[in-house]
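Note that the chains are named A, B, C and D in the order they appear, and that numbering of residues resets to 1 at the start of each chain.
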Amino acid sequence: MELNSVDTKIQTIGEAKISSPLLDERSAVLAQSFVSDDDGILLNLRLNDIHKAREEGQPSATFELAGPRENIFFDPSKLRCAMVTCGGLCPGLNDIIRSIVLTLHYLYGVRNIYGIKYGLQGFIPGYGHDVIDLNPGLVGNILNVGGSILGSSRGAQDIGEIVDSMERMNIGILFMIGGDGTLMAASKIADSIAERGLKISVIGIPKTIDNDIYLVARSFGFDTAVEVATQAIRAAHIEAEGYPNGIGLIKLMGRHSGFIAATATLAQQDVNFTLIPEVDFDLEGPGGVFSTLEKRLAARGHAVIVAAEGAGQKYFEDAGSERDASGNIKLKDIGLFLRNKINTYFNDKGIDVSLKYIDPSYMIRSLPANPNDSVFCGFLGRDAVHAGITGKTKLLIGHWNNNFVHVPMSLTAGKRKRVVPYGKLWSTVIETTGQGSLKNN
Amino acid sequence: MELNSVDTKIQTIGEAKISSPLLDERSAVLAQSFVSDDDGILLNLRLNDIHKAREEGQPSATFELAGPRENIFFDPSKLRCAMVTCGGLCPGLNDIIRSIVLTLHYLYGVRNIYGIKYGLQGFIPGYGHDVIDLNPGLVGNILNVGGSILGSSRGAQDIGEIVDSMERMNIGILFMIGGDGTLMAASKIADSIAERGLKISVIGIPKTIDNDIYLVARSFGFDTAVEVATQAIRAAHIEAEGYPNGIGLIKLMGRHSGFIAATATLAQQDVNFTLIPEVDFDLEGPGGVFSTLEKRLAARGHAVIVAAEGAGQKYFEDAGSERDASGNIKLKDIGLFLRNKINTYFNDKGIDVSLKYIDPSYMIRSLPANPNDSVFCGFLGRDAVHAGITGKTKLLIGHWNNNFVHVPMSLTAGKRKRVVPYGKLWSTVIETTGQGSLKNN
Amino acid sequence: MELNSVDTKIQTIGEAKISSPLLDERSAVLAQSFVSDDDGILLNLRLNDIHKAREEGQPSATFELAGPRENIFFDPSKLRCAMVTCGGLCPGLNDIIRSIVLTLHYLYGVRNIYGIKYGLQGFIPGYGHDVIDLNPGLVGNILNVGGSILGSSRGAQDIGEIVDSMERMNIGILFMIGGDGTLMAASKIADSIAERGLKISVIGIPKTIDNDIYLVARSFGFDTAVEVATQAIRAAHIEAEGYPNGIGLIKLMGRHSGFIAATATLAQQDVNFTLIPEVDFDLEGPGGVFSTLEKRLAARGHAVIVAAEGAGQKYFEDAGSERDASGNIKLKDIGLFLRNKINTYFNDKGIDVSLKYIDPSYMIRSLPANPNDSVFCGFLGRDAVHAGITGKTKLLIGHWNNNFVHVPMSLTAGKRKRVVPYGKLWSTVIETTGQGSLKNN
Amino acid sequence: MELNSVDTKIQTIGEAKISSPLLDERSAVLAQSFVSDDDGILLNLRLNDIHKAREEGQPSATFELAGPRENIFFDPSKLRCAMVTCGGLCPGLNDIIRSIVLTLHYLYGVRNIYGIKYGLQGFIPGYGHDVIDLNPGLVGNILNVGGSILGSSRGAQDIGEIVDSMERMNIGILFMIGGDGTLMAASKIADSIAERGLKISVIGIPKTIDNDIYLVARSFGFDTAVEVATQAIRAAHIEAEGYPNGIGLIKLMGRHSGFIAATATLAQQDVNFTLIPEVDFDLEGPGGVFSTLEKRLAARGHAVIVAAEGAGQKYFEDAGSERDASGNIKLKDIGLFLRNKINTYFNDKGIDVSLKYIDPSYMIRSLPANPNDSVFCGFLGRDAVHAGITGKTKLLIGHWNNNFVHVPMSLTAGKRKRVVPYGKLWSTVIETTGQGSLKNN
């Protein structure tokens, strides 16, 4: 319902008055794929909702379709572009960098493309990171390589300094590939640009291996992450089966949303307990995880548990003050926490268990994109260029109802896509694991 | 436009009057995911089309959503189900078999589930194939195994005999997993059942590694196929680069639709020529493949060509009468045809080339599903059971605009989904390969 | 030198007087591969050593070759065999189980083959584990499956009870697949059998993913382990390169011997520091790891460290008394120890580093054997059967100078194969990493 | 026996009088791994043979060990080296190139290293191929890439022109990586160098994916090839099982020696017939392949056949004159030949079979080396440098009884390592497949 009334209007930095170079002879075939701003796809395609909205006089919100436009804003021969990758590594970063560079270079004839090193740090002179001159020769062979050739970093930087830096470099389009925080920064950068009256387009490509950006159905790297997460589950299952009372415990990525944990559970159906941030559970008590696990071991002799890293945070609420020998605050790590708690539980009961713990996170994030993600990243990069060169700004390239679309940054800020407790995904997880509610009453 | 007016009404074999066992205490959480027949999702979500349709007084067609219903038709304790896999192997067959069996057994309590061996042959007494009693123990570990535990076969069988066989076995739901021909047969079987006044539901799950079923956005196994096809392209590229005037030629699956060839081209961007059935091309002449290939070799020293098996069939129109020494009609194999023609072309010109030919088809079809396909197959199998047990019939479990839906068999019969020549996929292929039109004028 | 004088004589439980069934018509071709006990291969093939030995009147020790013999001791039709897998999982366990069962069944016609569940526990009635009847149908498809279909367990059991159990079951050959401790137990079991005057042959197959059994050049699973360890190194390298002062830290298996760490370092040459148990190093001080790491970061911006789990144990010598909240003694885990120490070192110096820690152990041990290990395991299993059925006992199936050989259990007991500090392997690691001595003076 | 008396003396181009730079402080640890020319390892380590040889007054031949020497011949600061890769692609070429370059550069301080493009063509001015300046930056990241960065070509070139070219470039060491023909050429180049009185060392690294170089126990790329060949077998097996009378037919590499076919058969034990060049078989007749295959199908319903490409060449002896439509002589391709013959055989008998043919050759040769091969290639490259810089010439870097050794080129020329029909490998294949003799009578 709420989907019908969101404001999906896209901002621009000026009127697109230049004929697209795709209209020239060489690319004539491509011109046939031009997209019009007037067209759009419905956010909500459930008929009942649409009918209700109509009755109530509500509009049916649509997303602008991504893709090449007949007219563009920037003169490619004079345009300078910059791109930056921020936050944690994610499969597909290099695919997107490559796609943006090749599209700018070959399709539009842009010759000045700068790679900002190590995330937003690269804009700040104090860090002394060089800027990389990007061209097809440099990015041609990075498709099957994990990580980001630009490097990355975490943490915010001063918005003013970033815009100063872009002014000095005379940037026309800034491509920002990053997660929640990065997109917030992108939004502020776009606002600061507007305040200064600059003609810089800011295009975001949402990066979240957890797949939790609001109004973005799919984010790149997620499919690759699930693929490898299933290998960890398989390993845990074999270790569990291999010993009397064997328990395999896997911590998977997912700080706020359990999509990786839930999807990997369905991909490799050896999981007996899936714990995600969206669904509350108890550890102690007759209906809790420990007691249910004990029954499972008694019945079947082994068990596999998948925990998203953000699951069960209620157990850490009073943990803020614990520090280790070096004075560091102890990590609120659900994986290690469960490992210790489960071992203690069975130890106290005098039951021998053999628990094996697997945390594959850093083996996943650094992978090259699998072919599915690779194709997806190629489209994201191309559509980011098409959007930016048309003078559109403060938008994300999203994917909704199977179409690449323009999503205003304001729509996703401060919200998050989450696993719906009674939706198809989670109810199928419940059915597959047979785990029940894991709640006392 | 045409999408707005199709008839998507689903047939039933009787009224669903029995309360679903998912309503019982144990499964209460699942009951919250019940779907209503009244709800549906729009086939066409382009706003312009919808407006035009409304102006013209046309309806906006919707697909019924797949999923569990509150009321079912069959009494699970008395229900007997059969399933059969037909045609070529495809990654994911065992995932679907497993999903159907587990859903019938654990969710609905069905105890009589029969696997028909070797496709439709298994219904015909003359072949003497046994029927397999399917249960969770038998299918529990088939997730990571390629092929089909039921086996398969090609070719039609007598519809009457098939229905006879089902009558003898007292089958209530028949699950048919197969391609175009199988779904045609399924349709006829459903008609024959109706004529005889039997209460047998026929549920199809479309199997087409080529991904070419009309009104089905995605079919299982396709993602796995693309994943491995890219490995063949990578190999061909390395062989091509390794020699002076090296040419790598890969034949990929795709009898009528070039989705695998086009998608794999985008996944592993080393391809210089992609040939598919939907887009005409010339071999000879100044704009044709050979001449363009010669220019590419002169400029870059190597080239990679991907041909879908159905590409360039116009070159075989007069080939029907050629026979080999054994009297067999020569295969109209575009791969071997191109290999010979290209070698002859350059040989005649006195240009040394080193052409390596790769046909990975049978290494692809027999693979286990990758995790993405595995999850997808799990949903297909579950939704097939939900549909059948409700008494719905003559439908496919499809996937459209990111939802699992019920597609009447009549809608897809005799039609085919094809790569749209000026759509986003193909225009991106044209852009990536830089191959141009490959036509003389 | 010492290799020339070891006692390699193999014990038997009686004279082999029965003609091998391999002499029958069906297997005639196999009879041509019979091996004689008189033949053997030199342990030491360095000419200088052999000359010196000859001058000093020393013999040149040889290992008996493994393989089928013309005469056997047991009557296959009456023989009952048992097999057991002990200790940690290792790629290839199922390959060996399968190979033993198929060789006993098809080649010698043995029909009674018992699988003992969960390691030595399976012999002890108190645990209540069932015995599995092994046959070709059961083991035919376990080749590509990780773990052990028999399960495993750690820890010793009473030798007398084990032999009692074998007497009750009327076992003729016991196949024991396990590591150091298991082979010690095997040796004691063989002694107890001899004391009781029983006719039971005990054949060991050395399992050590660390590849550290003395006088056994190669052990199964090691090649698979290195293969996957390199993936962890690649991931760590990409994470390290991705951030300013990025550090990738990988803990690999190797309690007493650093073969996995050293070999994986050579396979994926992104490692800058390899730490193994055999070679001492300092952490603090001008020549130590921290200081050298700091220089590396200053020069190159990132670094990769591989630590075998047994490396640097000197840092734990006074750690025995530390206990965690639950009262458990803290694990002396070099990986977590280094992670904390490195972070503290740079934190104290005010240098921002980004350290990513990877511990892939449980994703490695549970893998199926790769093809190389699979072939190797096949030979181990077959030769174990050939040795046992001939009445030989108290031996291991080893691999030395490229031949499968019989190694008396007494030779390997209490010793360990270790990386030679100035040998070819380690000096190449030193050269590849450029790490220097990592010692203060 | 013959192994005891071969002449394994290594030629040199002059006395090694310069102290190795490995003696300097920085590399002091490496100096401890120096190898002496006086030392060597026995070719034959079977005790019976050694005794017999001694009785007959024969010597026991030894191979010189590969590795660094205390004294070298060339002055690294003035040395220029060239390297070339010839013939078919093979996993590991880039590993060897990288290893040679890094060892020359970092260990010995050599700064002029030239890569000759496209095999021996690169020496011949007429082809116009550039020479590549090789350095650590260029080769640092080629470890995980298939093919050869130098490219390759087939066919002989004029020896005189090659040596002319080296004289002009002032080359001191030539590294030749190639197969049989290349090593023959290397031998002639070394002779021509000797005749001209030049000081050029010629070092060969035997490349043969078939693993068939005489007196070389293992060649690089073979392990990787077997790994992927097993995937083809698995695919063929699944296709065969999937249909009534299903037959999976795989052609594997092996022109003269069946090591890949035999080893892959043992790695993936689904093969029922393995055909190799070394072992004669009949197709027709009561004991032949077709009749045995028919029995297998009748008994089990499916079958898998592996044919090495050089198997059954007797069936092509009179095929020389057959030509295709373009006038080309028809390929004597055992795979396609068997496919047609088997189909015809069963067609004539009125038996429906479903035969699937897989030829994975070009997907194998272009792969990157697996970790095992990668480590192996690293040693080959390093030892090639150690040998060349010492002034040794006309030798191969071989691997024998688990040691890297110097093999005089003269020893392997014109000979070939082949599968021994009654040896351990083949008799195990016979046992595993159960195929019997496949001969009439």
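Brief remarks follow.
Rule of thumb we're sticking to: a contact is a pair of C-beta atoms (placed from the backbone, for glycine too) under 8 Å apart; a residue touches a chain by one contact, two chains touch by 3 or more.
Note that the structure is predicted; figures quoted are calculated from it, not measured.
The chains touching chain C as well as chain D do not exist; no chain touches both.
Two copies of one chain, chain B and chain D, touch each other, and the residues they use overlap strongly: the shared fraction of interface numbers exceeds half. Among the other chains, the CA centroid farthest from that of chain B is the one of C. Separating the centre of chain B from that of chain D, both taken as means of CA atoms, is a distance of 42 Å. Between the Cα centres of chain B and chain C there is a gap of 46 Å. For chain B, residues that reach two or more other chains under the stated contact definition are 234. The complete set of chain-chain contacts reads A-B, A-C, B-D, C-D. Of all the residues in chain C, the ones that touch chain A in their complex are 89, 118, 121, 127, 129, 145-148, 151-153, 231-232, 234-236, 238-239, 241-244, 248, 324, 326, 340, 343-344, 354, 356-360, 362-363, 365-367. Listing the residues of chain C that touch chain D in their complex gives 26-27, 29-30, 32-33, 38-42, 45-48, 50, 60, 62, 67, 106-107, 143-144, 217, 223, 226-227, 230, 234, 263-264, 266-269, 370-372, 374-375, 378-379, 382, 401-404, 422-424, 427-428, 430-432, 434, 436-437.
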